[in-house]
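The structures considered in this document are given below.
Each of the next two complexes has chain A plus one more chain, namely chain B in the first and chain C in the second.
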Partner chain A sequence: MPVNLPGLVEHLRKIAGRDAVLDRPEDLMLYEYDAGIRKSTPGAVVFPQNTEQVSQIMRLATALNVAVVPRGAGTGLSGGSIPQEGGLVIAFSRMNRILEVDVENQRATVRPGVVNLQLSEHVAHLGLYFAPDPSSQKACTIGGNVAENSGGPHTLLHGVTVNHVTGVEVVLPSGEIVYFGGKAAESYGFDMTGFMVGSEGTVGIVTAITVKLLRKPEKIATLLGVFESVDDAALTVSAITAAGITPAALEMLDGWTLRTVEAFCHAGYPLDAGAVLLIELEGLREAVEEQAVAVTEVCLAQKAREVRRAKDEEERALLWKGRKMAFAALGRVTPSYYTQDGVVPRSQIPAVMRHIGNVAKKYDLTIGNIFHAGDGNLHPLILFDMRNAEQFERVLSASTEILEFCIQCGGSITGEHGVGMEKRDLMSRLFTEEDLDVMISLRNAFNGRDILNPQKIFPMPRMCREITGPSQNPVLMQEGM
Partner chain B sequence: MSTATVPTRFAADFRAICGAEHVTEDPAQMQAWNILGIVPALAVTPASADEVAGILRFANEHGLSVVPAGGFTRQQVGNLPPQIDVLLFTTRLTAVEHYDVGDLTVGIGAGCTVAQLSAMVAKDGLFFAGDPAQPGRSTIGGLLATGLYGPLRHGYGGLRDYCIGVRFVTGDGRKGKGGGRVVKNVAGYDMMKLFIGSQGTLGIITSASFKLFPAPRQTRTFVAFFPSATEALQFRSQVLRSPLDPICLELVSPQAHELLVPGSPAGAGWSICVRAAGSETVLARYRTELGPAVVREMEGANEQGFWRALEDFSLLAAERHPRSLLISMTLPVRDVQPVLNEVSAVAESNHFSFAAIGRVGIAHLLISLWQAPDAEVSLVSFVNTVSGLRNRLPRDVSMAVLHCPSEARHHISAWGPMPTDLESMRAVKMALDSKDILNRGRFLF
Partner chain C sequence: MAEKPVSNFSSGEKPTWDLYSKCVHCGLCLDQCPTYRALGTEMDSPRGRIYQMVLVDQGRLALADSFVTHIDRCLGCLNCQTACPSGVPYGSLLERARAQIEENYPRSWLQRKVRSHFYGTVLPSFGKLARHAKLVRFYQRSGLQGLARGTGLLKLLGVSELDALSPRIESDFSFADLGRVYPAEGKQRGRVALLIGCIGSVAFAELNRATIRVLTRNGIEVHIPRSQSCCGALHLHAGYLEQSRTMARHNIDAMLKPEFDAIVTNAAGCGSTMKEYAALLEHDPQYAKRAQQFVVKVRDISEYLAQVGLVEPARRLKARVTYQDPCHLAHAQGIRSAPRQLLKFIGAEVVESPRADSCCGSAGVYNVTQNEISMKILDEKMGYIASVQPEIVATANVGCMLQLSTGAKRKGMNTRVAHVVELLDEAY
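Entry: the complex of A and B
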């Protein structure tokens, strides 16, 4: 593929503009990684400014059989935006406009490069916001959220990205521009919009997105339940669910993690606790007050040492700051960490937390836990030093062992980060050959040559078999490409 | 009535797959199972996903057309099938795959009825949010395939929001699955989305998993009447802008009100029905917030009966007016008012009366149109009414004709233009059912 690149770069410059293509090694280095652990250097990066350019780029790439990987902010944790070595990256940082805010329909239409938090800030004066709130929301893009079907703490009540997308404009690998859905909540026909969200860029490239905007709740109560042990906190999560209360968010930090975070940003977490639960309730004032009482009772019945409630917005912001800054805090105590994203049925949280503790002992690793407890979505953070190859092997084994436990108790290998490259080989533990074959036939219906986001989602041996040789497009050969 | 014939050697093959007692060709029975007058050749009732796969592989190999069936509540919806070789009932697929009370999740066979599932989880204080018409007959598989929902859609979301896993057999006989049994899961393609509302044209759903909800301890319905749809919809917008968070927010037209509450005074006006769940304190807040527009409150059996009738609106309308149109529309919230204006204008010019209900907070309308008592309505009027409406609808609106007089069926397409690219939908269909054996001719292709 690199053979074609000089001609490719010239064509890309004609399509997107002279300043819209990078091909110098020192520039390309910035696009070889995401927030996960893999690296691979692209042959070129192009920055389209509109859908028509994306379409032309896709036509060109398909004709030349150059692998294409779309990229938002590169905050993903599963290797979803890792390019193929020598392939093409389409970066969306210049397609970052909010196209429309439709207050009456509670919809916004945005380009994929719009940053998640920017949208909420943009509509805040209207009393509206965009609900999916990944921890990286200050940086991650809505296009990336759509590709990975991202979540966040508040998806416990409001659902993940797919629950908030009603329409998309898509460029297919053929270069064709198509539309799925619109502003209506649902429409007749196949739910192609729902299918696109979370397809990790393997079906088409989303170039415009219509999302729901929610009204800000009248009342928010933020509670901090303080526990002596992880076990007590974990049992409380199950008890809250079983009591029929659905908080807006229900997050757990174990003792090690909360102390690390506290040292970094002074959120006010008690340093001697075994674990804390950060519980947020929202809605009608009266309903929130009742739920706050009920949640406090459940926590105390489950041996909480105390339950604090944020007195004002400032205290609330502080409690959340600790949660949202946790990943940054970890950077101070470890050169690297590996974040997992397994899911278990909520009643299994006590068991899985014990299992993670045992895995840490078995492999002699430090594992912190800060996660979306309310929907059973774990984020064990395994600390390591990249320079220690032997340790890294232990990290990978520990990680696989944790995910296998999730699968055994009926869970999943990913709740919100996507499969990407990182977990593709575990897919055959969740799905049969035939299940995967059905999904691959859908991918092939749009992306038959696996040119768009190759080597993502599906286990590798299967992928290799399906990659075909370079095309011999007569038109481009005439053009000397 | 036309009949299809399958050579008996095929019937023997189906008997070999499902057992002789689960294959029938009885003429009277087949006649009773006609779909828009088309009589199936035989019916099979497999007991497992493997048997479904066996049947579909066989049908695929021999190019037989297959119609999936559950409780037969919505089989008359859609375009005329050219021929039905095999009617495949899911009614023996009723096993509970998992029921995790503490996790608020359940996985159940496609042939289980909505009422059975609701009753099972109600024992544990839980609640399944699907609310189709005829829950005693509607099956889980049919609910998903038709993408049906009722008034609870407002507060609990749609099937696409709370269906967390699905197992199916594709038209070409492959067993597949999407999702799983946990409430948050992004591993693999979201097959649930493709199958919900696919009208049984991609595969046959064999089981599905759902999020459940805690059953509300008490509910109350507040009803406000208005002289016009415009004023009713203004009130709707006021509720949407308020901090209130009702579980249902329904518009009921004057004619619809009369259908739902027999004997209610004519000319009561357009109503907005707000159903709230919560403690007495919470409900009191609703009363204050909704203000003096509310003239009636319902609770208990009264309230249950009202919403039950509303869920069965399409049935009630078809019973009262057999020669009628039933139209379902999904639209952006802001378009409800202009679309109702168009409905009113088109109805008037074709001498029709209409009754409308709808979840006007998310914007889904159900409209029944029938011949005005003193008007001479011909077939042409039905056709003109549908085409008149379709021509006037704003973009992003999709409209289905769920019911029309049988003689009009040849002239009225059940599905109009859709906002989603047709060729992409065709690519999906070809990927899963390349020989087009499932519900051939009835949906998009």
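Entry: the complex of A and C
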């Protein structure tokens, strides 16, 4: 891909405005990273302010055959917003207005650059909120959430982003502006809205999003189950759901991680614990009280040392602060970390946790665990120092081994971070060549010249196709779970 | 990575691996950064600024115009430091980056002149500061200001915003108070040294007098140590580390006395800098230990009053008040509840606005040097304030007061802007 196509930048300036385009190397270097570990420098960055501009930009990019990647806040962990070297970044930081709040229908329509938490804050006085709550919600954008189909602790009860998006405005590579869905909860015909969510910017660029707003629950109870070992905590996860309770959130922190996090947030996590479960229940007052008692009993029966309950909103907020800031808090003890996003059936959590422990020993690495236990969505955090190239090789090997184990357990390689660049080569272990061909044909129907976020999701040609695993149809697998 | 990169920073104090490698570029700081919200560009975000320091240190980015532009645009408000889970010492990275700029970057002739005159000559000497302040006062009082404003001359010169923001120089400077002792009224409960401040002394002398009244009426004996100087905050934030160290030593000599329970200031920026003296002088064998002792005694006025407890007020403040956290109180010193407690204690109905702890864009001389961005940030802030319809906007720092007053005028709001101490003064 040519780096500086003559005329590209001038055209972009005409479309979006003189101060809405970056093309100097010293600025472009600031768009070579996200929150993950990949880096690649774009050839230009443009900041559109409306859909019409995005449409014109796409028409231009298609005409000039320039690779395009949309970018929200760059908080992703799978390289989803990392540009192709020399490509064009469309940054949505200036398309960040909340267009409409429809209280009666509990819907909001927003531009992609709206920050996740800002939407919830904006409608808080109406008793409403936006449910998907990735740990980066203070900074990540709803456009990014849509692209990656982001989750968060509370998706155990409420589902991930796709369950909360009812309509999207999309700009196709041709520049055409199309609308899928609307405010209605169910779409008719093809579920194009659902298809757009999680497509990682490879089929179209979302320029407006209609989302559901949930009513704040009448009662919330936040419990902290303290365990002597990771194993005890892991066994408790499925024991809770087996008891017929679906918590709003069910999170695990292992001992090493909680000690690191505690140094930052002083949430009151017990420093000598082997692991804790952070369990949140929500709903009607009476139901929540009953469930809180039941969950406490299950935890104690599973050898919990104690179960604490947050006595007020302040204590609850502290417990969650510890959880949500945990990833980044590791910066206190390591220059870099690599986090994975594997998923296993929750009954396999004890096994996979043991496996992760063995991998850490085998590769002589420190691996922290903090994850959405209720969803079986793991986030092993592997510490490293980028100055040590040999160690980084071990990190990548360890990470692949963990994900392979997830696949063996009947799980998958991503729960919410997206496939992006980092896991594309593992897709062929999860899907057959035929499966992948169908997906690629679908992408090509929209993005046939592969100018939209190329090199994402699908294995690179000539790579990995030969290592095709057994067919693991995700739908069939879910039914079997 | 194999070859050792050649840093574009010079030796000496600079952003180092130990400091910047704490940043895991998670991006949680972005939406907390006023300049990122105003401009939307990664270069003007905390993560981006740290990355630019890394790039300069790795030799990939020159210590030149672009780097300087984005570092200059930082408010130094430290909102990002509060947001950062990873504990990145952003303030200290920024100070070091600015020190590098001062050392290695040739600014324009005019900028150099103005900066060296302001930081090198005017601020360090209370005498010179007083003479300058009198000139400005003459401009403000003689009718020249009215003439300049009325004729549109300021607009023509593009400095009307700056003119509106400049503090009104008071008739009596606080310098006359140097060396005085104000006895406690009623039962004496404490004895403090008060920093009168450089700008504070010429533009906010009345606030200093109010501070003294509130303290003495609450049973505190107030000393104004004669040989105190400017705290060094403006120098520190502009990259003049050595000058700020000189002032730190000066103030330690002047105010670190066993008879003082606390060293009190009514300026958040001064308080936060004085609390940094230990870090600033850690390699100074003569002063390191005393700097630590000094830091232990430094208190913001609200922090001190909340700690010793107020006596019953003579009058109650019956008003709807929104308190706006000064950055150097909330983010640099972690003081959030004390001022709110004090306001509630004297009877105010305290209402919380969205983003109360987000920078107003004042940031020392930022509203003068980066006026356009500052006004953008201010207008966003005023929108949040207006949403809770306060009768009084309270804050705890003079720079914020000036800025918020300007903001209220821009928005056509009739709201009073006051320092917490002023409101306390009215209650006692």
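Throughout what follows, the second predicted complex is superposed on the first by the 456 of 481 C-alpha atoms of A that agree within 3 Å, B and C clash if a C-alpha of one lies under 4 Å from a C-alpha of the other, contacts with A are read in each partner's own complex, and residues count from 1 in each chain.
One rule holds for everything that comes next: contacts are C-beta pairs under 8 Å (C-beta built on N, C-alpha and C of every residue); 3 or more make two chains touch, one makes a residue touch a chain.
All values reported here derive from a predicted model rather than from experimental measurement.
**Q** State whether A:Ser187 touches chain B only (first), chain C only (second), both chains, or neither.
**A** First partner only.
**Q** Return first, second, both or neither, reflecting whether A:Phe47 touches chain B, chain C, both chains, or no partner chain.
**A** Touch status of A:Phe47: second partner only.
**Q** State whether A:Val237 touches chain B only (first), chain C only (second), both chains, or neither.
**A** After superposition on chain A, A:Val237 lies in contact with neither partner.
**Q** A:Val68 in the overlay: touching chain B, chain C, both, or neither? Say first, second, both or neither.
**A** So A:Val68 meets neither chain B nor chain C here.
**Q** Regarding the shared-chain residue A:Phe327, is it in contact with chain B (first), chain C (second), both, or neither?
**A** The second partner, chain C, only.
**Q** Between chain B and chain C, point out the one touching more chain A residues.
**A** B
**Q** Is A:Val438 contacted by the first partner chain B, the second partner chain C, both or neither?
**A** Only chain B is touched by A:Val438; chain C is not.
**Q** Of the partners chain B and chain C, which touch A:Ala398 in the superposed model: first, second, both, neither?
**A** In the superposition, A:Ala398 touches no partner, neither chain B nor chain C.
**Q** Can you give me the overlap between the chain B contact set and the chain C contact set on chain A?
**A** none
**Q** Please name which positions on chain C make contact with chain A in the complex.
**A** 1-2, 17, 21-32, 36, 40-43, 48, 51-52, 55, 60-62, 66-67, 83-88, 354
**Q** Which chain A residues qualify as touching chain B in the complex?
**A** Residues 102, 104-107, 148-149, 151, 155, 159-160, 162-163, 167, 170, 172, 178-195, 197-199, 215, 217-219, 238, 241-242, 244-246, 283-287, 290, 343-347, 372, 375-377, 410-419, 423, 427, 430-432, 434-439, 441-446, 457.
**Q** Name, in rising order, each residue of chain B that touches chain A in their complex.
**A** Touching chain A: residues 98, 100-105, 125, 147, 157-158, 160-161, 170, 174-177, 180-194, 196-198, 202, 213-215, 237, 240-241, 243-245, 278-279, 281-282, 284-285, 330-334, 362-364, 395-400, 415, 418-425, 427-432, 444 of chain B.
**Q** Hey, which residues of chain A end up touching chain C in the complex?
**A** Checking each residue of chain A against chain C gives 22, 24, 26-27, 29-31, 33-35, 47, 73-75, 91, 93-94, 96, 113, 115, 117-118, 121, 136, 138-140, 264-265, 325-332, 335-337, 386-387, 389.
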